[in-house]
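Okay, got some structures for you below.
Here come two complexes built around chain A, the first alongside chain B, the second alongside chain C.
And now, the complex of A and B:
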């Protein structure tokens, strides 16, 4: 028995000062036809215990939505969204559910930046890393330095951010819908030398939903969940090089080879929390030389990625799945995928765990 | 016609600390002062507080109004840094100025806009016949957690206005409105020495929403449009926000820059927009129309349309000018600033 995405909806990623996680969850399910006609709910959220003081978020959201079906909440750091879709696919494949609502929701902007950044840094190992002052941007800066030592120019990382902002400009649900120039990096605030604010994701609130079904919807467009896999990598402090994102590279390489895919024709959403990471991954897959020409990768992060669409941590994976679903069945940013296949990649921290999903129309 | 500005006065301490020095000390990016639009900020000396500064500004305002303390029927003191937690500042200033005992007198607190509300209350008193002249003072020695972003802007200064009959005033307030909501963008809890703020939350849902809402209400009620104004002055938490508001309203930068004082003296909180208004009154010509919008966190905004009359030049000549106070400056280091503002913990006496 297979698993299919048969619908979904997303809220704009933004600083939703006037809405809590309940409002965002309600809004997104209201926009999604078939989202409440389900017999199971999987809620994906990374930080609700910290940001909303809420345990058992899944149950409270199901109550708010007025659904008496079984509900479970999934948390796997930044990969929570893909982990939730993976679980939903297992539920329908095993017969435990017929249709599963996978709802990602995160509310992170009720706190000052230093608090939100601290919550986010807890993706790392608390005892070994966080307590010792190691932070996600510090790792990203070290990865950037390694890549620069390999001959990757600063402009290469900037080109990623410029491209993501270009893409996001035509995505209605993106957080940063404006273009930036290479010049803007000169004035960008330094987070951890040489990493700047422009090299970092945009932290936002958001909610996204997809419906995973055990059969295609005869009345609407559907895509099959063809492949879902995850791999845990060594902690960054135990690796020879932080920029070796082996779990991500291995899963993506396996996916491309198994299905004979070429990223130049396939819609792919890559996890780009910090610009060095997607650059490292694309280099390891052989899609980027030292010139960092991204022009041939037309369907790469059409959404604008975490960089510009924004990163509502535990909901981000659901956004990515919805976006590739739209590229395969309809349009996103004026584009439709020429290939029947689409890839979604997510990772938590610097490749602590990585997940890849392949969708086929 | 609502009421008139009979007189105004200002006080800006002469000591200045540069934003670059603050950035260097706390390890901020050297580009930050430019991003905030702040060059330096005014620092009150050890023996100055909101009352002493407010008294000076009020004394000048009364002189400009051509009246004496005996002619003042109400004194409102807008501040969020009153020297006494319990005991009015308004009464200290009123007695020091010789204001008669039969008067209204109270302190007002609404973050940076209490004095703005004081002006609106005074308009009501004058129009209703309960007061011929009401003195409104906005004065603050604003606090900032050392090293916080507010440390770049929180400064000291005072502005005072005598509100009275429009026929006796060198500038008249032809329309005014207030827009207030419960928006917790900035606060200081009891017994906490420094305020907290909601970072970006202080911008769009607080500062911009309230000022734009108040100004739009004013324009609607007065039948005016942005192009009808020769000058515009908005509350100035930094050097950038007022220009952003002006852009949103379609008001050219040239009409805002004359009243933009924060880049040179910092954010004087209750005196912020009012010092800008005082400076514009000292530069404007008869017939000019000025748009004024205060802002106070919490949050609210008062918008005023002020029209300058022929007697403005005479009023200007009766007191020291804001621009002279801005230019009278003594640079100090962060250590002196810390000493002046009581940032060192010391054992004094036994």
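And now, the complex of A and C:
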């Protein structure tokens, strides 16, 4: 028995000071046809214990939505969203559920940025990395320095951010819907030399939903969840190089080879928390040289990616899945995928765990 | 109380003494006192204490704000390869105004404060690194 995505909806990624977890969850399910006609709910959220003092968020959201069906909450750092979709696919494939609502929701902007940054840093190992003063942008900066030693120019990382902002400008639910220029980097705040704020994802609140069903919907567009895989990588400090994102590279390479896919013609949402990471991944797959010409990758992060659509941590994976679903079945940013296949990639921290999902229309 | 004395006490051999793990199955060494080799998954491991000397492989100056400025001022964070062949990450401290930390800089482990609860609360200590004086 297969698993199919038969619908979904997203809220704008933003600083929603007037809305909490429950409000965002309600807003997105209200906009989603079929989202509440389900017999199971999977809630994806990474930080509610820290940002809202809330344990068992799934149950409280189900109560708020007036549902009595089974609910479970999934947390796997930044990959929570794809982990939740993976679980939902297993639930319908095993017969435990007929239709599963997968609801990603995150609130991260209720505190000063430095507090949110600390919460986000806990994606790393608290005892062996965070206590030692190591934060996610420190790793990203070290990875950037390694890549620059390989001959990758600073402008290459900037070009990723410029492209993501261009893409996000036409995405209604994106957080940063404006273009930036290469000059923007000159005055950008440094996070960890040489990494700047413009090399970083945009942190925002968000909610996104998809419905996973055991059969295609005859009345609506559907895509099949063809492949879902995950792999855990060594801690970054134990690798040959921090920029070796082996779990991500391996899973994406496997996906492309198994289904004969070419990223130049396939819609793909890559996890781009910091610009060195997608650059490292695309280089490892043979799609980028040191010139970093992204022009042939037309369907790459059409959403604007974490960089510009925004990164509501535990909800981001659901946004990515929804966006590829839209590219396969309708339009996103004025584009429709020419291929029947679409890829979603997510990772937590510097590739501590990587997940890849392949959808087929 | 946000910090637990028990949590830091449990990992004292990794945080205070730089104990490292040597795998008897694959032969690889890994940072910290571990029960299982992170490279091959074998539980056939032994432990040894690092001399605390090493060299900087890569370093970055971190200005990212992830706590109040009092708690976390700008810092140097580096990947350090210990002389035993193990890589760890950590802060570089005690850098003189006339010193530059870069790839290859020799460093030694020192015990420094990691975090504290409040003026009267628990203080976490652990290993950081400082440039080795060669003269």
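Assorted remarks:
In the analysis below, the second predicted complex is superposed on the first by the 361 of 361 C-alpha atoms of A that agree within 3 Å, B and C clash if a C-alpha of one lies under 4 Å from a C-alpha of the other, contacts with A are read in each partner's own complex, and residues count from 1 in each chain.
Just so we're on the same page, a residue touches a chain if its C-beta (ideal position, glycine included) is under 8 Å from a C-beta of that chain, and two chains touch if they have at least 3 such contacts.
Keep in mind that this is a model prediction, so the values were computed, not measured.
Upon superposition of the two complexes on chain A, no clash is found between chain B and chain C, which fit side by side.
Of the two partner chains placed by the overlay, neither chain B nor chain C lies in contact with A:90. Put chain B and chain C next to each other and count what each touches on chain A; the higher total goes to C.
Once both structures are fitted onto chain A, a short way to say it is that chain B and chain C open up an angle of 80° at chain A, using Cα centres and rounding to the nearest 10. Within the superposed three-chain model, A:33 lies out of touch with both chain B and chain C [touch as defined at top]. Once chain A of one complex is fitted onto chain A of the other, the partner contacts of A:146 are limited to chain C, with no touch recorded for chain B.
Touch criterion met: A:187 reaches chain B, while chain C stays clear of it. Look at A:113: by the touch rule set out above, it reaches both chain B and chain C. Legend: residue contacts after superposition of the two complexes on their common chain; A:18 is shown touching chain B, with no touch to chain C. Nowhere in the superposition do the C-alpha atoms of chain B and chain C come closer than 7 Å.
Shared contact residues on chain A (touching chain B in one structure, chain C in the other): 113, 189-190.
For chain B in complex with chain A, the touching residues are 29, 31-32, 35, 196-201, 204-205. On chain A, the positions that touch chain B within their shared complex are 15, 17-18, 109, 112-113, 187, 189-190. Residues 113-114, 117-118, 120-121, 127-129, 131-135, 137-138, 141-142, 145-146, 189-195, 234-238, 242 of chain A are the ones that touch chain C when the two sit in their complex. Interface of chain C with chain A (complex): residues 7, 11, 14-15, 30-32, 38-39, 58-68, 72, 75, 77, 79, 87-91, 114-115, 124, 126-128.
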